[in-house]
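First chain written, first letter: the chains are A, B, C, D and E, and each begins at residue 1.
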Amino acid sequence: MVPLSYYLVLSGILFVCGVLGFLIKRNIITIFMSIELMLNGVNLSFVAFAAHWHALSGQVFVFFVMVVAAAEAAVGLAIIIAVYRTRETLNVDQVNLLKL
Amino acid sequence: MLPMTTVTAFSHLLPGLLAQAQTFQPPQLADYMRILPELVLSVFGMLIMVVDPLLDEDSSHQSLGTIALIGTFTALAATFCMAHYPGTAFYNMVRVEGFSVFFHFLVIAIAAVAILSSFEYLKVQRIRAGEYYALILLGTVGMCLMSSAIELVLIFIALEISSISTYVLAGFRRRDASSSEASLKYFLLGSFATAFFLYGVALMFGATGSTNSDAISQVLRSGNVPVLAYVATALMFVGLGFKVSSAPFHVWAPDVYEGAPAPIVGLMSTGPKAAAFAVLLRVMFEANAPGRFWLIWVSAALSMTLGNLGALVQDNVKRLLAYSSIAHAGYLLVAFAAQPELGTSAAMFYTAAYAAMNVGAFAVVSHFANAGEKYVTLDDYAGLGRRSPVLAATFAFFLMSLIGIPITGGFFAKFYVLTAALKSDLVGLAIILVLNSAVGAYYYLRIIVMMYMREPRGEVPVPRVPTAAALAIAVCVLLTFYFGVLPGRVLDYTGQSARQLVTDTAAPPASSAP
Amino acid sequence: MGSVNMESLSPIILSLVTFIPAAGGLLILLIPRRDRDIKLFAFVISILAFVASLHLPVHLHRELGPFGFEIDKVWITSPNIHYHMGIDGISVWLVVLTTFLTPLCVLISWASIHERVKEFFILLLILETALIGVFTSLDLFLFYFFWEATLIPMALLIGMYGHGRRVYAAVKYFLFTIIGSMFMLAAILWLYAKTGSFDFVVIQHAIRSGSVPGFENASLWLFLGFFIAFAVKVPLFPLHTWLPDAHVEAPTAGSVLLAGVLLKMGTYGLLRFDVGLFPEQAHRNAPWIMVLALIGIIYGALVSLVQPNMKKLIAYSSVSHLGFVVLGIFSFTTAGLNGAVFIMLAHGVATGGLFMLCGILYGRRHTYEISEFGGLATPMPKYATFFLVTVLASVGLPLLNGFIGEFLVLSGAFQARPIYGILAATGVIWSAGYLLWMYQRVFFGKVTHEVNNALLDLNLLEKAALYPIAIAALVMGVAPMIWLSAIDPAVQAALAPFTQLASKVVGQ
Amino acid sequence: MLHLILFLFFGAICVAGAVNLLVQSHPINSALSLVVVMASLAAEYLLLGAEFVAAVQVIVYAGAIMVLFLITIMLLNAGKEERTKGSRVATLLGVPGVTIGAVLVAWTLLGRSSTTRSVSIGALWGAPKDIARLLFHDFLLPFEITSVLILIAIMGAVVLASKPEAVARGPRKDA
Amino acid sequence: MTPHPYLWLVPLLPLAGAAINGCFGRRSSKYVISAIALVFCGSAFAMALGLAAGFSSASAPYYCDLAHWIRSGSFQVDFSFYLDQLSLVMLLVVTGVGFLIHIYSVGYMWNDDGYYRFMSYMNLFMFFMLTLVLAKNYLIMFIGWEGVGLASYLLIGFWFTKDSAAAAGKKAFIVNRIGDFGFLIALFLLIKHFGSLDFTQVFAAVRPLSPETTGAGLLTAIGLLLMVGAAGKSAQIPLYVWLPDAMEGPTPVSALIHAATMVTAGVYMVARSSVIFERAPMAMTAVAIIGTLTALFAATIGIAQTDIKKVLAYSTVSQLGYMFMACGVGAFSAGIFHLMTHAFFKGLLFLAAGSVIHGVSGEQDMRKMGGLRAYMPWTFATMGIATLAIAGIPPFAGFWSKDEILWKAYGASPVYWLIGVVTAFITSFYMFRLMYMTFGGEYRGAAAQEAHGHDAHGHDDHGHGHGEPHESPWVMLGPLVILAVLSGVGGFVGYGNRFEHFLAPVFQSVTEVAQETSHEAGGGMIEYLLMGISISVAGLGWLLAYFLYSRRPQLPARIAASLGGLYQAVVHKYYMDELYAVLFIKPVIDGSTTILWHGIDQGVIDATVNNSATAAREVSDTVRHMQSGNLRSYAGWVAAGGAVVIAYMVWMGVR
């Protein structure tokens, strides 16, 4: 028997890893992956809470999150391509035309 | 694309599924009436995409824009229809009430004006019109849903719809590196924030076992609020705070506003923001989120201060207005710290007034920006009062409204917020607001000073104002003026809906579809 | 027949007077850009407003009720905002002063405004409406509305038609005032939040009957909130530094209205709202406010003494003069208040006149530096005469308008606090010093700069603008009863709470 | 016990994958680590009894989305990450902030919440049928609205990824 | 109290003249201008004579209420006029002497470009002076008070292209204002304590009060303050400095305003307020001391002056000191008596001096005159009479009044008398010095004339030729003669205390006091002894002057050289102007510039404003740098903000 909170902590760890990835990674694609990681962490929470409340809606949410993630991925990667076209770099530290 | 969407949209009519779902009551006409504006907008959005390939590049701007405009007007009409069907729909997913009708109306009107002000802009900037208008319309669907959704998941999806469409729209000036950079920043940070929001939703679900705002509010009102709910509120606040660009989650706004196409900035600084505020109102007031007071207090104070201070030294008008919008988000948040009923009413009015003046201001900016948005610095506005008196006068009018000078909507907006704050004994916040508006006056004044008190620079062209843009600006002027002189009716309406919103949730949740 | 017409006019006359100029301003929008037509039209409109405004003092019932010509209509329901206007013996003259000065401003701007003429006169007329509105509003919200509405046209007049550092001056003016008025707004809103009304009379009654919750604790802050807004406008030391800059840079008409009327908004506000709503706080805070006023009187005079720039000199003299007004108001004596109101009017006429005269000179030489002139009485004797009359009025020579107010204020202040009265009375010496010295340097002696020999004396238009000033200065000095008979009852009414206050103190 | 071991096993893989994502400097490696995370998460879902979710996780996430990522990486020919020092805020403010936040949340989740309930292995209850019932009835509207979302995403991707006629190159900060 | 319906006409007639000439004079002929000025001024004089003829002490005082002027609450001031014995005397003096000087001016100013202006100003002055004299309350008096100041300002600065004239006008106005300041405060005290400024009401309220013999009370304060006002107008220490400078104005102005009428207003005011002063012994003493000192002080300066008008100016100051002394010792009627005679002889002196100046083409320096007796005998004769009068040689007018004062002063304190006598000696000396330097010896001006040129004295030579000195026209000599007659016989008015008795109703109780003191002093014997002494000192002064300036004209220079610094000090008027400049004017100007304007206004207030603006911009710049443009930084902000929010919320939840 595993306490539900373990799952939650795991999801939290994933989420935090995602956040950290966003903060420390320089490659835009990797950063984007970090976001996916965060979403995955959230998904785990949903599923765990679904189990906790025994409410299936929690699982349904996960599908929606996946759809959103997919949509985001499509748009996001397109944006990354667009940026790469204009800037020819994937290093986020060099994408700083707009500032101050 | 069209067939697929149609299939999904009407999937419940498929016989196989019907057989399985026969124990369930299918959605009825009233349910559809309650999402009529969304339906209309989606249909017109798809219509544009269908028509787009049939038209050649040159003539498409005008006709597609007209279709989009008709779409928004139809949606406005639909909103009127919708208003006659108060209540929840689709199994407690959305609720039509004064509050949501108000925001529907507002968001659609914003979209309409944004479309109007885009007519010429698209041509000048050589932007493809089909996707542009379609994205605006479909994005509006998301914004509309945000205001009426009472289910966190639906809110999340609606939020994503509006966000993704604006991410894309922000990058539409594709010849310009700054535009795609804006798009990227907006997208990455937006997704980042969305993840926070989503995590908050998950925790709220965990804390209350439901994602319906009514249900949540009931649980939270029953006392003994779990700590998890607090954390959930915090996370949701981070996500929503990002969307409304309140400090310290405002960092994206200046960059994105600077890079994005001007009409889109007008749209996204008001439309999604208004919708996000609607969500925030729902989450904070209707769902009765715990421990929100100081959170909002500090965030409001920070937003006002950082926004105004940041704007002081800006030389790019778009960027300046971006900072200003941060500050205005702060003013708006002051209302959130007030008593629910007063605060909601004041916040609703504020969003409307702010939308009118800010969209108008950006309409002027986008008209004046010229190809490649070359002329957006303060110096380019020198002597505008002499070269283009009418345009300058309207811009000055919007700026005065943003300052909060009487007879403009901005004044009453600020005024109601202050009243609400003072009635709730938020003297400290009121004073911060007052001081900030004084500081804020300075940088708006800089633009006015530039326009009227400096000699014009020769090389900056002043294009003739096309009809569509003129119309857009005129509408904004009239509305700003209307809000500034006769705010009574609007305010009655917002007051009523606010009361409804607050008392409704205090009572047991309304029963689902009639 | 005529009287019947007059009676039927009474309910709308205030709105009429207030909005004639603005309506005229909007009509100017429609006039094609022919400068002469625009100027003529603006002049006709402003004269019309003046004539209409004369109805007010003539028909004001001096005994009946606190306010005359009241009009009270609901404007916005849900914050309870009324279109509530009315005047008493104090405000009626300020309205007339405004309408009196505006046509003169039009005349004086006739020759000096060449560019953006249309905008200029539109702004001027809108400014007039806003100014009148300030004095006629009885709804705090309406008052605030007009108060703020004066801000923009004035700032634009300075910024668009001013001289060298006009932008700095306009921005400084704008920021000083708006920062001040924000505090007032907060105070107004607090009152609204607690009483549910913006109506001056209602709030005043609520406060006096003690039915405002939390008023005891808040009254000081409310008083200060109003006070800051008004003190900036007056301007009271040390918030006065916007004034010299604004004046020096402003176009003549702007200066005239700025000194003539805009500053009075501050003192009027102090009298009507700060003192009217918070008599107890006013009484409690009077000592330091009077000290500030005193500093203003002496300080303004001393700084004025050493100004090398005519307009700046007059601007600082305004600081000094307005100090008298504040001193009079916070003396809470009949004489003090009467005098304060009278100085407001007299200063409007005299200083307005001085600014017009400066503007005329500027139009010929494009400088205000005193050292650029000298011996002007030789080439322009008429001009010198008008200048002298105005200077003497400003100095406070008996039988000219400056004296009456100064005398009353000083005697009032002396009755209240002798030492203040004595110190303030030194202002009498200083004002003679700086103005006469300036007059000597500008007009007397031999012509020191060759160009000045060729200066033209006054033309017909300028004389038309200056005669009313001179005549008004004389009439006000000789027959102040015309004004005082209306002011006095209003002042007595305003002082009523203070006599109660005094008796309460004695009772304790 | 088995449950715990399995949980810990997959959890460890999951965390290891996440950490590896952070550590790896080549995006391909990161992407592959993400696949590992997702796959192990699918296993965790199964442990929680959500069979359909687990399946979809593998198909959609690990299958579809990650492929998209990989394609992009290939397309753009992304190289190794340069360790540029563009932001002090992120490291000095962000990382400690996140750490504190994480600790607080974890502490809340572990200690204070009412989520002490546990799940048992093998109790699969998220059957496709039940989920479908929910999805096409209670969540009908979100489901339908998702189509709009997808439409937007498709459109956006098409617009943004298509090649504009002329691209104005922004100045590059450094090579 | 008898109402008199036409009293107001007296002051208003000259005002009408002033207005007519002021408005239309520019385009009128000089004859019309003269006619208007003289008719309106003369009719005022005629009315005054009529009033005097109809005056009966029984029905006096007369009054005339014209209109309300100011009303504020219960406090009220009306335009109302008042005629009693005192004002009748003043009225006659002012209109009479004024009218004569008007006539004289016609001749003197005829060739000036601003003739109409001059006549208008003169009429204006008459209006204000008559208002001052006929006022029924202090505030109307104050109108006249300030008004004569204005007229004086305008007339001193009449030749405004001359910088010194313009400066002198301003100086006169401002110094007078300092005095007015005291006057005003006195009025405020009156208002505060008596609620009125009306003479009758105030005096009625004051009369029952007992004299404040111990310490300073209300009446003392009022008295002292009134004295400050009077000192300003009547050029007493320390406010006398403006009067000598005022000689920059045309000579008729000096005669009318700065000798005969305006400067005596202070004395009139003190006399008018006798009811108050009488109950404020300390104030009386102060008046006496100031008057005595001024008399002596100014006289000593007069010794060394070489400008003919300056000598007369200091002499005026000195004589005013006498009048003050008289008032100070309670001899108000003596003061008024001297005021009257002084108006005659000092007016005459100035007019004669004007005639001299006129005759020698604008020269005012006595060292360049001499021997004029031959050229202008009428002038010499009349001026001689005036000199005898001022020196106190019997039976000329000055003797009577001066002797009266000295006698009364002796009654109060022998010290006053002693100083008075010394002053009389000095007066006699410098006046005869003036006579000898001007009319005696040889004409010294011819040589200087060529070198000196035309323009040094601007307008004052009004276009006459450069030739020999010559006698003035009859339009100027006429007034001289009339005044000479008055100076000769005017003193007999006071013979046998008739003058005193006439004024007695005004100074009722005071005369009693005075009589008491005269009894204490010991009666007739001493009176004649004192009279003898004063006559003899006057004679001594004459002799000394004769010796020094007629017999041994080289001697004064040697004496002056031997006195060295002292002489220089006297020549430079004891450096009083310089002292005032260093003590007051410079500190005020410099202080205002450096401390107030540059220091506080720009250095503190504006700097605070500007600095806070700069500071705001700097803060703004800092805030701007939050916006580094780096995505990861932004995420850092969001994450950190999020962490804070979470931390707070957890704390809220746990709490």
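By definition in this document, a residue touches a chain if its C-beta (ideal position, glycine included) is under 8 Å from a C-beta of that chain, and two chains touch if they have at least 3 such contacts.
Worth saying up front: this structure is predicted, and the values here are computed from it rather than measured.
Steps from chain C to chain D, minimised over paths through touching chains, total 2. Identification of common neighbours of chain B and chain E yields A, C, D. Among the pairs B-C and A-B, the greater number of C-beta contacts is found at A-B.
Chain geometry summary: the mean Cα position of chain C and that of chain E are 37 Å apart. Note: centroid distance chain A to chain C, computed from Cα atoms, is 65 Å.
The distance from the centre of chain D to the centre of chain E, each centre being the mean of the chain's C-alpha atoms, comes to 100 Å. Computed centre separation for the pair chain B/chain D is 29 angstrom, with centres defined by C-alpha atoms.
In chain E, the positions touching at least two other chains are 624, 627-633, 635-637, 639-642, 644, 646, 650, 653-654. Residues of chain B found to touch two or more other chains are 153, 157, 160, 164, 167-168, 171, 174, 176-178, 180-181, 183-185, 188, 192, 206, 226-228, 231, 254-255, 442. Pairwise, the chains that make contact are A-B, A-D, A-E, B-C, B-D, B-E, C-E, D-E. If you check the complex, the residues on chain B that touch chain D are 1, 4-5, 8-9, 11-12, 17, 20-21, 24, 27, 35, 38, 42, 45-46, 49, 89-91, 93-94, 126, 128, 131, 134-135, 138-139, 141-142, 145, 151, 153-154, 157-158, 160-161, 164-165, 167-168, 171-172, 174-178, 180-181, 183, 206-207, 226-228, 231, 372. Those residues of chain E that touch chain C in the complex are listed here as 67-75, 139, 142-143, 146-147, 150, 153, 157, 160-163, 165-167, 169-170, 173-174, 177-178, 180-181, 184-185, 187-189, 191-192, 588-589, 591-593, 596-597, 600-601, 604-606, 609. Across the complex, chain B is touched by residues 616-617, 619-621, 623-624, 626-627, 629, 631, 633-635, 637-638, 640-642, 644-646, 648-650, 652-654 of chain E.
Taken in their complex, chain D has these residues touching chain B: 104-105, 108-109, 112-115, 132-133, 136-149, 151-156, 158-160, 164-170. The part of chain B that touches chain A in the complex is made up of residues 153, 156-157, 160, 164, 167-168, 171, 174, 176-178, 180-185, 187-188, 191-192, 194-195, 198-199, 201-203, 205-206, 209-211, 254-256, 258-259.
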